[in-house]
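Next come two complexes built around chain A: one with chain B, the other with chain C.
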Partner chain A sequence: MKYIQKADLLAWLDITAWEKNLIAPRKIGNQILYQPIENSSQICWDYIRPDLSLKEAFFPPTERLFMMKSNSQQVELVESMPEEEKIIFGVRSCDALGVQMLDELFLENIPPDPYYAKRRENTTLIGMTCSQIGADCFCTQVGGAPDDPRGLDLMFKEVEDGYLLQVLSEKGQEIYESLPKASDYYGKMPDRPRGKPLFIGAPESIDWESHFDDEYWMELSDRCLGCRICAYVCPTCRCFDVRDEPIAGQPGAFERLRSWDSCVRENYRQIAGGHNPRAAKGERLRNRFYCKFFYYPQQYHTSMTVACTGCGRCIEACPVNIDISEIISHLLEVAR
Partner chain B sequence: MIGAQSYTSIQTNPMLPYLARLVAISDQGEEIKLLQLELLNGGKEAFGEYKPGQFAFLSAFGIGEAPFGIANIPSQGSTMDFAVQRLGGVTTALHELAPGDILGVRGPMGNCFPMEDFEGNDLVVLGGGIGGAPLRPVIQYVLQNRERYGKLTILWAARRPSLLIFQDEYESWQEAPNTELHLTVDEPDEEWQYESGLITDLLAKIAPRPNNAITITCGPPIMIHFVNKMLVEKLGFAAAQNYVTLEARMHCGIGKCGRCNLGDKLVCVDGPVFSMDEVGELLEKFL
Partner chain C sequence: MNAVNQTQTNKVQAFEPKIIAYLCTWCSYTGADTAGIARLKSPANIRAIRVPCSGRVSPEVILRTFEEGADGVLVLGCHIGECHYDNGNHRTAKRLPILRALLSFAGLEPERLKLDWVSASEGERFSKITTEFTQQMRELGRARWRIPTQQWHAFHPLMEAPGILEIKPNGSKTGEVKALEYRPSGTYQKIEAGIQETAQRLLSSGEVSCVIGYERGPRGRVRPVFISKSDQVDRLVWNPECTHNLATYLSQKIHDGNQHKPSDTEDQQAVAVVAKACDSRAIQVLLTENRFPREKVHIIGVVCDGMQQSIPVHQRITESPVSPMDNAYSPAYQARCLNCDQRTPLIYDTLIGDSEKTVPKVGNPIAHQLDILEDNPPLERMEYWLSQFDRCIRCYACRQACPMCDCPVCLYERDDSLWSGMGTGLIEKRAFHLGRAFHLAGRCVGCNECERVCPMDIPISLLNLKLAQEIQNAFDYQAGLALEPSPLVTVLSGEERLS
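For the complex of A and B:
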């Protein structure tokens, strides 16, 4: 295994932050977020995983697709393609796996989305394996692992006084070549972190079709506020809305924006004549979980069996304790 | 510059519309207009031989975009047609356009009616209100290739006579060989001389035979449900003989925005055309 000393890694991070657009976990207020950093001292090293996922690096909460300058007889459209190159350091495996799931939707499901594709192409993901498992984490129960290399270009693992590194792609090789010289490591390997399982059994063994009409969904939704924070923090929720807005200070100029949306929103699915196939809150909440575990894997033929990375952010964020692991647990128990 | 931007990038950006010029806009009754467009620049090539049942997004620039079924076949005139009912912001803006105005079009999207598989069959076409729009290309296609199909029975329904679309084409439909047109409205006025009542009442009365027959329905979800129920339970059709085209809210049309899901199906890429044996159960769940 290749090994790099902590001081060497910090020096490299300082140079990279100076020369390039480096993003890393950073403490902002009482949140830890993937944010641009100017030097290595701004990096937060002690974190379960950042409070928001990595999806916004490729699929921003709101982005301009193109600009329109129009009067009725003349229209000019100007595309807004993202050009910025980014290196993201300290990526957790659950987030890289989330990006992989989004890749299957935005890239492999044709036609590819050019905005997402461009950001993906211009970004290098450097992972940092987890040395502890959070109370709400369950990556290993949905096919992931605290040191899952999928989706990453390069991965570091913390050992005594330094880091082991693993090159995982061509982009990772480029980074490797720019790093201070790595040596071979013969020291002690840390134990793989272990967490408590949040449920017993595999979510893919659930017969989702048979639970569609369960009263459970309506009961569960009694306390749902419809706030959609679950979708906001989710690395794989990717529903979006598209709308036009005027550009301030430029008469006749508009922008077409794409923004995150969520199937839990009340009129999300309502059609023009007023019909809403998921009029009840319970039907909408149910759709969110069916999407994750039943629909999405079928629609996008994902290599993952479920569209959930087990990051546990929605569990932590939900103001009324709707807990995805409890839902899985409930459905697995009903089956027993 | 008038629709003169470089289109080289458009081919790779499915979210960027082609420009089109509104050639004509005409009333199709109450709050419904027929928009006839000329595609500019790369649009003509991109749309090529669009098929009956396919749809496209229309952009009223600065207001937004929404999906609509294409209402003609390419060989029928030189324009691409859309029937638009005024319901929200985008449709209101589209109604306010005048000939010569520029709008945006993305598409063609979705699957289509398998018109070749239908050859040799009788066809029963059931349109409810604005739901008749995506069925017009089916009618045009059958009339243009009349010898390839058996009897064509058109059941055309609306809430009121003023909501019946393509009225100036009824005569040509009726005069076509081996073709029948039946009209019904829920709320007839004094001048109304045709049937009144729901489309299912009319369907029961006409009672098309299921042998070598295909039905094609578009209308509100509740109408699709009851039409299929009658076809299957009373008239002896199998669900697989009954085709529908579904409406859904959408924001991309290319299987990404997640909006149009109906269970595990995405209306935009798995549809909008389905046979009822594919989606019958799903529709029940989401009525």
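For the complex of A and C:
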């Protein structure tokens, strides 16, 4: 096991923040968010997981796909490719796993999404294993772990006075070579993370097809507000909307935008002419869970069994306590 | 030669404000013509836009005008009593001062929005008003309202809030946290039993098809519940965590899911709802706005002892349902409850609880914050609000949780991006938040659900309270205190205190 002292890591982070684009968890008001960092003192070290997921790094809340400029006769299209290189530090395993799930849609689905691919190529993910399991965390129940290395380039694990590190990819090797002297570690291995993950049972053992017409979905959705918190904090929700909009202050210029969307919102599925195939709130909420646990594994041949990484953000943020763990438990109980 | 150069430089350097004037076609526009015919001078800074009535100049139009870079906006209509449409200008007279207060709170100099009356024959008056206004704008300098075109980023660095206010969690903004004085737990149990009993009676008699109340979820959190079978009424609970405003669900339940389609009375279901004092005010607003007939809702009014702030996530006990009294975390009253002296619902069909005791009223921490903000110069306020809106992720939880926000398609979510684009830029987010705040003026009852549900802790209650104060000062009106419509949709009475 390689080991690096905390002071050395901080020094490296300071230099990296100075020279490159470093993103790390940072406390802003009451939130902890992945944010650009100017020096290591801005990094928040004591966190369960940032309040918003990492998907923003590759699939931003809004992005310009291209710009259209027209003058009387011609229309010119200007490509808008993300060029920025990023190093993201302090990534939790659940978020890295979420990125792997996004890859299935954006990269492995033909044709691959060039914007996503470019960002993925230009980004290095440095993980930090969890030392505390949050009240709403259940990664171990959906095939993850607090120290799951999948999707990461390099992973740190906190030990006394420093960090153990594990190189996981070529990009990680590059980072490793730029780090100050790592030594071999013979000390005490770190304890298992404190806390107990939430028990939800095995979602993959549920016969989802048989529950599609359950009255349960309608009852469950009675209290749903139809907001989009769950989808926007989720590391694997990947729906988007595309629209052309004029650019303010530039007559004749338009941009094609892609923005996050959520299947829970009322008009998500509405089609031309006004028909809405998912008119009832229950149908929309049901879709969210079917997408995670049934449609995703059915449509993508993936190492992950479900499109949920167990980060628990949706449980924590839902204003009316719609709890994914409760839903799974309910369906398992009904089957029994 | 030098002299010529000098004059040219002066010309370039002198600041000439861009002023948009919305002129009523029946009076002020003709007034401008009259000024022209009489060869009176009006400044060239004025860009006139002819409108059918000053009442047609919606707040969104004015907001957009400033967003697009206007340094001043002038709205000129007919004198009160001379409106071509009888009372179109009454709306303008009431609406604009409130909008000006909102814009000023958000950081625009209030002088930049001016409302005045000019009739068709008053060419001289038109010339005078425009000249004076232009001069005033020239002195004020360029407006800073416009936000430069945005670049979209993944992880754009969030703006840092100026140190005006230190925002503490859960609305305890002054740090003035008063620990909840729990009534003897018997009080809550007695109310709880009362709610269950009433629900039982209403459901078994078939008087209502559904009772909307609160339950404790399997992992300990209190949440809304919809009971339609009388054998399930024991799920209903009452305790200081019952913070949700259940009035939000009424339209949708009464109209059986089709809240945006007018339904025949036969298709409507009668529904019972558990309501605190603040919730009952919201129900009064909904009734005033004819969202549903009075007889379709049975209000189970509950005397409220104040609600507690939500327990920070990491201190939440998750293993087993526990009563808040056993919790190691000592909860405090929500900020809104510290200023509330209405314990008893204002409208109810059944009242549960003993209304003699009073909630300890210790002042209004939100109003205190508001005062601090107002003491700062406009630019600081603007910086503060932009830094708050910057965090918004446009999840629309605030709107969805709001009992008043019930438009079939939100103005800020139209497919044609008419009033705001779909993106998460600061321009869009400010337009949404200010627009929504204005739409709630005279309707918001201050339940602060919007702020509670916000995953990014945006202090929305400050905006709402600001407008509630303005409405109260101008019209002596507080939303939901009686079955009487918002003053912003009625004609002038002559008793208003409008600036």
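Here, the second predicted complex is superposed on the first by the 327 of 336 C-alpha atoms of A that agree within 3 Å, B and C clash if a C-alpha of one lies under 4 Å from a C-alpha of the other, contacts with A are read in each partner's own complex, and residues count from 1 in each chain.
Keep in mind that, in the parts below, contacts are C-beta pairs under 8 Å (C-beta built on N, C-alpha and C of every residue); 3 or more make two chains touch, one makes a residue touch a chain.
Quick caveat: nothing in here was measured; it's all calculated off a predicted structure.
Student: Looking at the overlay on chain A, is there a clash between chain B and chain C, or do the two fit?
Tutor: These partners fit in the superposed model.
Student: Just to be sure I read the superposition right, which of the two partners does A:Leu165 touch: chain B = first, chain C = second, or both, or neither?
Tutor: A:Leu165: touches no partner chain.
Student: Kindly classify A:Arg238 by the partners it touches after superposition: chain B alone (first), chain C alone (second), both, or neither?
Tutor: In the superposition, A:Arg238 contacts chain B only.
Student: Should A:Gln250 be classified as contacting the first partner (chain B), the second (chain C), both, or neither?
Tutor: So A:Gln250 only meets chain C here.
Student: Taking the superposition as given, does A:Tyr34 touch the first partner, chain B, the second, chain C, both, or neither?
Tutor: second
Student: Tell me which partner A:Cys94 touches in the superposition: chain B (first), chain C (second), both or neither.
Tutor: So A:Cys94 meets neither chain B nor chain C here.
Student: With the two structures laid over each other on chain A, which partner does A:Met128 touch: chain B (first), chain C (second), both, or neither?
Tutor: Neither: A:Met128 stays clear of chain B and chain C.
Student: When both complexes are superposed, which of chain B and chain C contacts more residues belonging to chain A?
Tutor: So, of the two partners, C touches more residues of chain A.
Student: Could you tell me how near the closest CA atoms of chain B and chain C get once both structures are overlaid on the shared chain, in Å?
Tutor: Least C-alpha distance: 7 Å.
Student: Could you list which residues of chain A make contact with chain B in one structure and with chain C in the other?
Tutor: Of chain A, residues 241, 243 contact chain B in one complex and chain C in the other.
Student: Give every residue of chain C touching chain A within the complex, in rising order.
Tutor: Going by the criterion above, the answer is residues 67-69, 148-149, 152-155, 157-158, 160-161, 167, 169, 217-219, 221-226, 244, 248-249, 253, 257, 313-314, 316, 318, 391, 393-397, 399-401, 409, 415, 417, 421-425, 427, 452-453, 455-457.
Student: Report the residues of chain B in contact with chain A in the complex, numbered from low to high.
Tutor: So the residues of chain B touching chain A come out as 1-3, 5, 9, 12-17, 19, 61-66, 85, 87-88, 91, 97-98, 100-102, 104, 220-222, 247-249, 251-252, 254-259, 261-264, 266, 285-287.
Student: Spell out the residues on chain A that touch chain B in their complex, using ranges where they run on.
Tutor: 65-66, 68, 70, 72-79, 105-106, 109, 111, 113-115, 212, 238-244, 246, 254, 256, 258, 261, 263, 268-273, 275, 277-278, 287, 290-291, 294-295, 298-299
Student: Inside the complex, what are the residues of chain A that reach chain C?
Tutor: Interface residues on chain A, with respect to chain C: 23, 28-31, 33-36, 48, 51-52, 56-64, 82, 86, 119, 134-136, 198, 219, 222-223, 225-229, 232-233, 241, 243, 245, 247-250, 257, 259-260, 262, 265, 267, 280-281, 316-317, 319-321, 323, 325-326, 329.
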